[in-house]
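First up is the structure itself, then whatever we jot down about it.
First chain written, first letter: the chains are A, B, C and D, and each begins at residue 1.
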């Protein structure tokens, strides 16, 4: 978890690197800052998305007892695709600035592909855990991770559909769905407070961990 | 805490990325370095501010027993706004270099907004803990986090007032207040040494943690 | 391990910094994105390589009981050379874009040198552990790390041979071998699941650690 | 320690960001790479220096039982100055490329100031611990950190003298001393293997920590 935490923390703070003093003529700073609004929106949206992913990641790992090599690769797949998120986000912000309709459709298509890949990596992760109940904690029902799979599958379908609608109809349709998917994952997340209370108080070191 | 620590550590070191060899003619390095003084001042001020935030963050978390989803979102709010700090800092340093009075007022206004948002995120965090005493350690009085709320509220008011004074009267007034607010939080921080001694020696793993 | 984990996590996410919105004329985003394919390939290859290194690193450290100063320097040698990997990767991606045959050979040679240095640092690391059995956990056979040495030595030889073939014959030969070496290390990695089960369940804190 | 480890890990990997594909004409990659040698030397020197600092930092913290607010500020002082190291390193590498003698003297002077500040922050850190023996582990002699102070003081003097000699006589004198000081700290470091063995085996969680 330390490795995963570090990667998500780095990706989430790399977003801020896009916030720079705008290059403007003297006295034009205010309009320069206001013109950067697509970057602010992109920062907010990507931060929220990565925060949601982190909480889902943490919620999954509080139920995992042991990692084998297969699960580590599945986890590395999630980390690889979530590290991509700032890239299509920056591309969308860039096209929002220039406003070319063809480029906007391409950007929405790119974001949809990365979003679908991310959900696909979660599908692989959940499927692996569903097939290896020996890796989950004893208190967790064997069907728990099997029941998580549809949540990931819905994401793959939604991103691909939003990308298709964005490219074929209007980029705005895609963008709206991109903001709704993280919200969906936020509200359906199985938080720490919903896990069996027994997990929290077994040992002194466990109660310390839960407060981290 | 590992995730929060990593984010604060990354943000604090990203500040250094602004320290670059100046682009000067041959033989002009000394004056080039000296002209960069606003960046050095900005580095020092932001480092101190983020260090103060980290110590307050740590002081709060030594009193927290358990995190639920609501507290995690409140914490993510703090992390999102503190990650913004290097951005208005760079904007102020940039305007100090060019010296345009209109731009300086805009930069001070921007810094005030980010500063107020940061204090607001602490207000939300403290309020959430005040309403959920079951999340704090048993040794901590139930009113502890309720009594922290005015500290955060004072920050919101001070930043907005400093921003207004900086925009309407003179940017320097704003900048001076921006340096005083972190000092206020540094001196009113409830450090680790003020927490009940019982927290430090309960278990071997606890005493190890306190030395981290 | 926290320090090593943080460094590998940072290096692996720094790779993403190369993924930027391409600078294209309006309406040319799609072709701009498609022309970036060497960067995507380089991202994928380097991510996989660093992931394989991380897993081998973790597999080694689950067998280490204690670190002395010599082992810390050997570990710092691995970290220093793996942190170099993004650099020759970017050079290869750059030459793939421009397509100059002389430059491609130089890039392949550079990658081969860094790859050989990385394997050499593992050879030093394994040799040190083979000579200091008191640093490994009691359950691990004394010959374990001595038997790991040939794996590192093969890497040194393969990288140097691939570099020579790439420079003297054709760069493509080098590139193919560069992709095969990480695969070799992935398949010969001694994962966590192959270590004696006794390691996993000794103490509550150990079972927590294994799930991290 | 997690926070300090993360900062040192980030600073050490930020060094690699200076290693970029050189901007050369087609077919000129080899000479472009060879011309970058000051950057490679700077990377190696700074990496070694930061590695030595990290080992000294770790050696100090294995002897600390508890942190109070004063010790945290002393530690933040070390972290602030070590985070500066990549900056004068890049300035020296830059002047080595252009070769202007005046600039080289300025760069050596800058490096000397940062180096002296870093040793000064260690002096403050050791002095604070010498005055607060209640913060060190019970097994550590009370005079331990008092005896560390001269090591830091020697560094302050050496850096200032090397800087003066570099500015007044020849930059090369300064550079040679800059490489020797980290070597001095490496050889006088009190490693983990020299601490009382009792520290290593007290509790299951302690023995786990020692292998991290």
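The rule is simple: contacts are C-beta pairs under 8 Å (C-beta built on N, C-alpha and C of every residue); 3 or more make two chains touch, one makes a residue touch a chain.
Just so it is clear, the structure is predicted and the values come from calculations on it, not from any experiment.
A.B. asks: Hey, which chain ends up farthest from chain C, C-alpha centres compared?
C.D. replies: B
A.B. asks: Is the contact between chain B and chain D built from the same residue numbers on each copy (over half shared) or from different ones (under half shared)?
C.D. replies: Result for this pair: different.
A.B. asks: Just how far, in Å, is the C-alpha centre of chain D from the one of chain B?
C.D. replies: Distance between chain centres, rounded to whole Å: 26 Å.
A.B. asks: Rounded to a whole Å, what is the gap between the Cα centroids of chain A and chain D?
C.D. replies: That gives a centre separation of 37 Å.
A.B. asks: Would you please write down the residue numbers of chain B that are in contact with two or more other chains?
C.D. replies: Counting only residues that touch two or more other chains, chain B contributes 1-2, 6, 10, 17, 205.
A.B. asks: State the interface residues of chain A toward chain B in the complex, per the touch definition above.
C.D. replies: So the residues of chain A touching chain B come out as 1-2, 5-6, 8-10, 12-13, 15-17, 19-21, 24, 26-30, 33, 47, 51, 54-55, 189, 191-193, 200, 204-205, 207-208, 210-212.
A.B. asks: Under the touch definition given earlier, write down the residues of chain D that touch chain B in their complex.
C.D. replies: 1-3, 6-7, 10-11, 14, 61, 64-69, 72-73, 76, 79-80, 83-84, 86-87, 90-91, 94-95, 98, 100, 102-103, 106-107, 110, 202-203, 205-206, 209
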